[in-house]
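Read from first to last, the chains carry the letters A, B, C and D; within each, the first residue is number 1.
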Amino acid sequence: MAPLTGAEVAKHSKADDCWVIVHGKAYDVTDFLPEHPGGPKIIVKYAGKDATDEFDPIHPPDTLDKYLPKDKHLGPVDMATVAKVKTEESPEEKDRLQRVKEMPLLEQCYNLLDFEAVARRVMKKTAWGYYSSAADDEITLRENHSAFQRIWFRPRILVDVEKVDFSTTMLGTPSSIPFYVTATALGKLGHPEGEVVLTRSAHKHNVIQMIPTLASCSFDEIIDAAGPGQIQWLQLYVNKDRAITQRIVQHAERRGCRGLFITVDAPQLGRREKDMRMKFTEQGSDVQSGQATDTSQGAARAISSFIDPSLSWADIPWFQSITKMPIVLKGVQRVEDVVRAAEAGVQGVVLSNHGGRQLDFARSAIEVLAESVPVLRSLGLENKLEIYVDGGVRRATDILKALCLGAKGVGIGRPFLYAMSAYGQDGVDRAMQLLKDEMEMGMRLIGARNVGELSEGLVDARGLFNHAAPPVDNLAQAVYDPLVNPGQRKAKL
Amino acid sequence: MAPLTGAEVAKHSKADDCWVIVHGKAYDVTDFLPEHPGGPKIIVKYAGKDATDEFDPIHPPDTLDKYLPKDKHLGPVDMATVAKVKTEESPEEKDRLQRVKEMPLLEQCYNLLDFEAVARRVMKKTAWGYYSSAADDEITLRENHSAFQRIWFRPRILVDVEKVDFSTTMLGTPSSIPFYVTATALGKLGHPEGEVVLTRSAHKHNVIQMIPTLASCSFDEIIDAAGPGQIQWLQLYVNKDRAITQRIVQHAERRGCRGLFITVDAPQLGRREKDMRMKFTEQGSDVQSGQATDTSQGAARAISSFIDPSLSWADIPWFQSITKMPIVLKGVQRVEDVVRAAEAGVQGVVLSNHGGRQLDFARSAIEVLAESVPVLRSLGLENKLEIYVDGGVRRATDILKALCLGAKGVGIGRPFLYAMSAYGQDGVDRAMQLLKDEMEMGMRLIGARNVGELSEGLVDARGLFNHAAPPVDNLAQAVYDPLVNPGQRKAKL
Amino acid sequence: MAPLTGAEVAKHSKADDCWVIVHGKAYDVTDFLPEHPGGPKIIVKYAGKDATDEFDPIHPPDTLDKYLPKDKHLGPVDMATVAKVKTEESPEEKDRLQRVKEMPLLEQCYNLLDFEAVARRVMKKTAWGYYSSAADDEITLRENHSAFQRIWFRPRILVDVEKVDFSTTMLGTPSSIPFYVTATALGKLGHPEGEVVLTRSAHKHNVIQMIPTLASCSFDEIIDAAGPGQIQWLQLYVNKDRAITQRIVQHAERRGCRGLFITVDAPQLGRREKDMRMKFTEQGSDVQSGQATDTSQGAARAISSFIDPSLSWADIPWFQSITKMPIVLKGVQRVEDVVRAAEAGVQGVVLSNHGGRQLDFARSAIEVLAESVPVLRSLGLENKLEIYVDGGVRRATDILKALCLGAKGVGIGRPFLYAMSAYGQDGVDRAMQLLKDEMEMGMRLIGARNVGELSEGLVDARGLFNHAAPPVDNLAQAVYDPLVNPGQRKAKL
Amino acid sequence: MAPLTGAEVAKHSKADDCWVIVHGKAYDVTDFLPEHPGGPKIIVKYAGKDATDEFDPIHPPDTLDKYLPKDKHLGPVDMATVAKVKTEESPEEKDRLQRVKEMPLLEQCYNLLDFEAVARRVMKKTAWGYYSSAADDEITLRENHSAFQRIWFRPRILVDVEKVDFSTTMLGTPSSIPFYVTATALGKLGHPEGEVVLTRSAHKHNVIQMIPTLASCSFDEIIDAAGPGQIQWLQLYVNKDRAITQRIVQHAERRGCRGLFITVDAPQLGRREKDMRMKFTEQGSDVQSGQATDTSQGAARAISSFIDPSLSWADIPWFQSITKMPIVLKGVQRVEDVVRAAEAGVQGVVLSNHGGRQLDFARSAIEVLAESVPVLRSLGLENKLEIYVDGGVRRATDILKALCLGAKGVGIGRPFLYAMSAYGQDGVDRAMQLLKDEMEMGMRLIGARNVGELSEGLVDARGLFNHAAPPVDNLAQAVYDPLVNPGQRKAKL
């Protein structure tokens, strides 16, 4: 059969007759439109056209094979005959490309926040919006980082720290340093290759990677990108259809995943207004006064409609029955639930508020950690499960603080995305190396020779629970008119 | 009798012979001038002229019928003969009208503060001044909101939250969500139709409305605007003349009001300097140096002179004797008085500082709530009365916090005024819908299936009583000259 | 004897032969130069010239009579023959005079800080510098005000407050309101008439005035300016020569003073760098690089060299022996010394840090009050002496807070100086009236009918001792270079 | 032998054949390159050229004699024949030189921060970068100063303070005031004469100087610069080669040093990103996109590679065996180690975090002091050793606070470097004099006649442990995009 031509495809350009081209093949998505998790509109925009660029970052490559019936696969298109979508470069985009040209050398990045600063300048606005946004007023987003700054060190001196060793084990497998690459969605928004870039850096640095359910790459691509002996874990959003969930879990186990991290803080994915506002501005810029416009809620909503809000403690035994992987609950947020997790016999918890993207005013993981460990100890449960924390980690000193307070390891997400978005794998490599350099320095200066020596006595966390000065509420400040004193009068001429 | 002409009316244009036109009818207000609660000046300004535009926002339509003797009603005026008051458009007003043209689409408002931001741009300055201002340095105004930000969540995980139900009852009647539209004065400053706009939205969303004594619409207009089965309450400023008070209360009961909210925090209405300053600027712009000018204290003083400062606990039994409506004290500000209210047998209290408009440095309602509930419990009084809070609520998370701490519901005032002022009823509808969307999300993410499950264990309010960083004192900061280090000298040529 | 001519005086224009003219009379101050408390330089600057303008604000009129031997009084000068000192108006001074022309109407001042804002614009820079400056980094200066903002109200409701009465007695004499005009130096810097302006306003408002030792007016002038029955107190810097001190005290008692306030926080007058820097800039503007210049330390040092740093508790009985006036120690700063004062049998203490002008990081008076009263009570000393506080009072709510915490009254200084400097007596009158208006409102809203009802239960002062967020250290902030993220590179052309 | 010519030297201008000229003599450093602590690059940059200007600030003059074999000393060069390195003046440098011309007069500096402000303007950027930078986010750097601002005074009144005496003894030797000049590296970056300038001022003011291991001047130069009877201490970085350490210590003792301060907080010298970034900018300004560049880590790393990270408590007896000087551990950071130091029999500790240059989030010395003294007392160890603190001291009030809390004295470092860099010895003299003036004032105003009277009761340090508002994290703030409310739309024309 001869390939289709662009002209043929272009005839099917309406909601009730909708073909799209993805990676050189045409698909009839007319019937699928109402079921599209991201809503029909975004597809109709590309009806009759090549949708690859829009499709790629938010769908793993096997998506169409998995979800679209075979008879809707219309076969290859002669791409030479497809009219290039001319996207006139906006002034904003021109500015961005100029910024890319002038971006700092990789060597000028001295810490993880530097990558974020560069990524903010050089990423596409919508991608930056998706990665950097968080729930409501983004108070928790910022609290996650600033909570660490209410913990201070009590370094030991005169310890022989010529050799310091910060390697550790997590869920029984070794890691060169007590952090792992945590799961984050839509890696291709930041880099055309997506999550496999992180896989390669993780391998290079002997660091564990948690594979996200909502990756841009397919699960198998990420597994395939791993090096020999590389440890990977599976992050799981539990599907309403448990059969699908079971397939995913057992496939991951077969492919060698060494831990199952069940996300428990996202029965519904959070609203992120910054993301929504950015989207709106893009779409709505030529909207006429009074007209309605698309109010889609950004990328998050598009990709998450399958998540099961009914997931409960009652489901845990079932998970334990279908896999031998250690099970870790990701998103635990108070000590009562840490205790309950221990009693439920899972192998660990990740104290996390989902990077501040779910419930604003959820407390920082590090605070929940400081709340939990003493209780676990008093109940004799401290060895029943491993505790991880994520959110806000930017310095090796943050890792040290978490370990001193009883964490087994910490997850780091956005910083690696930013490093990848700005500099590709070189960026991620350097980010990890900087953390190791900081870690070695930090271990020496705190007077600890190995992670076993990181203990509560090395920190002063009394201020951690003090919320006297929460992050600024920018929206509220913006609408407040400060009182002013009496103005001058115009002098009469 | 032939209608009066504009020329005839215009002859009576002085303080000792003062006619004004309101809604096409002439009135002789000469004798009434000294009694006008807002002072005679503002009336004399319109002597001999059409005063409708000035009259409307701050007087219910039945005002003249009620308060001016019939013989002063001079009958209809041929409005065609009345010289239009030419108000040259000020540059400021032109700017404002331009801002109205360019205001954001309603769909771009994602939260309650967005409406405030738009209202601030598009409302008339004096109306904005009246709504947004508060007492003294407006510390309490801002504390009301920021107090919520010292309360953090302790979400439960792995609760089946597929279905969440946040409906509730207040004073025995149902509500779709635990907030009500609280009483705010002078709705027509923000929208030509005034409070009935709120009535309609409240009906649409199955939300209770509290009818203000100082509404721009008449009480009956607001009652008449209600839909079938719609619940309304009466907010009451107690008149020095108790007979009037009794008439108002019993009329309200007859017309179906389901609750009587007696304002107890306003024996005298607060000074609001921002409002005063704005007024002054408007009036005083062409004042010559050294001349005195009108020092009227804004809209608040004008409308409140009838309020009885002698109201006391001794009056409560009388109220209980004249009505069967549940009685709620609005403006309670410390636990001792909550206890006393319970002992006095009223059905509820609203913890409130009047939106920060009365006594600056009054504590936030949410703090008084956290102070009160444990005491009530220890006295076994927790079921004796319902507790409401108002002030500073902007997010569904604020509502959740209040309910976790023991409130039955929260009042929301200004945000709906702003939504109405910016976008009319569509704005109020969207504001309520946004709260419902946030509420559903919040219930899921906090792990509560219904309002009964909202309990103290879900919040960490330890920081609430910490006042280490009060809102900024802008006036004091403005007059302080920061120390500077030594300046450079001019190099000799 | 014929009056001297300007030419004759002008011959004596050097340090070793120095005549000056003051108020039309010539004086030979050659021998006095080394003894001049303000240093010889400032006098030599006027050698042979008319020094009246410089002399007046910082010397009471009887100074020369008192301190210069009669034989150095050279008699009247024919002022027509004296060359006017042409002071070219600096651009700064021109700007200031323009600001004076355009200053707000008095009616536009709604609170005490408004006067400060206006004074800052219209006062001479050096006068503003002297009044507004304080010790070191001016942390205490600002803490004095912001400490009040860590105290919140717990208002009582449903109290019959139709009539509120905030009159009181202090040291046994009545006052219309519980504040007094505290002693501040050099009133003529702000207004040509000096302290008598305050006397008149105090009389008009039935408010007590404390007469400063370092007034620009003479003590008798201030006494003479008092109205019938007006209460005045004497503030005393104790002279090294106790005979002088005795004369001053007994003279004051004879002239009717009703209280003796002995300053105990100033064994040496503080350095005020803002004042010094301002002075320097004035004097040093044409200094050549490398040259030394006058490093005089502003007005404070000039006027205070007589103060006795050896004053101690041992001196108290002597004071008690020479006067029957009630004795109050002004500048007490910790509870131990309050107790000791009670034991020493004095009638009162003023908790004060001298407006922040002495020791930086001295605590606010209001904090010392909250520390002291419970201890006094536990020792049964609470009725042994009256406690006053000063520093930072700007609102009637501040007065209410002080009284609730146990103060008998509060002193207010700078605000009245600013009101006087900006608007003369009208300003001071309005400032006092505004405080009374605020006070009436505040009493009503807090639910207190008289000062006897102002008690601890009406405030929440738990945050008062919290010093987590002290006033900004502006000098330290100015020298700190914030870290920056990596900059963009110049793209190669 | 005839002196070498510039041309002869210039032939050896590559890494594998590298001669340099220092102070008129040529050296063959080819073999030494790989061992150079600062890396070979910086030397190769000067291969065949005169390196004196670069060499001087970071090497004591005896460095080459000590570390380069004699046969590599090539003898004198005829400097007339050496081509001057033309360094075109950069616009930045021109600006700086202009700022130097216009710098304030010394007399305009009224406190220690003023010197810092001037130094910041007039120092070379790299020198300023080296002096002012600190570890990571420089949180500890700023906390060091701001911690003092959480301590308030409780002054005693009515103490006879005519004579106040703030002289003291430290390690048994007298000092005119309880501070000493602490050790800081690389004095010649700020002033061509280096540390001897400080020596001279210290002598003039009868103040103790601690001689730094990493001085720009040689140890003997600094000793030789001392006046008769002047007290000096030795600061020691312990060399991996203990024989060298022993030589240094015993030489110091022989030359009269009266105390041995062993640095225990620097097993590895900290990374200072500000310093690194500044270096990079200088070197990297003409780097082409994508090229690697020198990533040397600033001056700190260059000079510290010899420090022994294995130093431990086990080494203390050895130190006690080789010297009779009192031994003080410099850099103790928690009470446990203070106690251990007492038990180890050393004569003192310096509570210090190395000016914030080592471990970020180390607590301030003053906080560790407040933590330690009560414990020492409870153990009966308070007289076993002397406690010093350094870091953040800028005012005499800071010194007073430290002494009230139990310190024997305080170290001051950077402020004197800044005074020296800006104004040479005159600057340091004035800085010391200002501290003495402040000290006299402070003693009087706090009511203490001598250092023995400085006790805990004079301060309120309850807020010291409160870390609710840590210094701003500038990097994190810079990358955060505040939420904004909806923007205006462009009105259609």
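Structural remarks
One rule holds in what follows: a contact is a pair of C-beta atoms (placed from the backbone, for glycine too) under 8 Å apart; a residue touches a chain by one contact, two chains touch by 3 or more.
Predicted, not measured: the structure shown is a model, and the values here were computed from it.
Common neighbours of chain A and chain D, by the contact definition above: B, C. Within the list B-D, A-B or A-C, A-D finds its counterpart interface, over half of the contact pairs alike by residue number, in A-B. Centroid distances built from C-alpha atoms place D farthest away from chain B.
Counting every residue number used by either copy at the chain B-chain C contact, under half are found in both chains. Taking each chain's centre as the mean of its C-alpha atoms, chain A lies 60 Å from chain C. If each chain is reduced to the centroid of its CA atoms, chain C and chain D end up 42 Å from each other.
Each of residues 101, 105, 108, 110, 113-114, 117, 137, 273, 277, 287, 289, 466, 468-469, 475, 478-479, 485-487, 489, 491 in chain B touches at least two other chains. On chain D, the positions that touch chain C within their shared complex are 101, 105, 107-108, 110-111, 113-114, 116-117, 120, 132, 137-138, 142, 145-146, 149-162, 273-274, 277, 281, 287-289, 394-395, 397, 401, 437-438, 440-442, 444-446, 457, 460, 462-463, 466, 468-469, 472, 474-475, 478-479.
Chain C meets chain A in the complex at residues 98-99, 101-105, 108-110, 113-114, 117-118, 121, 466, 468-469, 485-491. Chain C makes touch with chain D in their complex at residues 136-137, 139, 264-265, 267-268, 270-271, 273, 276-277, 280, 284, 287, 289-293, 295, 308-316, 329, 331-334, 336-337, 358-363, 465-470, 473, 475-476, 478-487, 489, 491-492.
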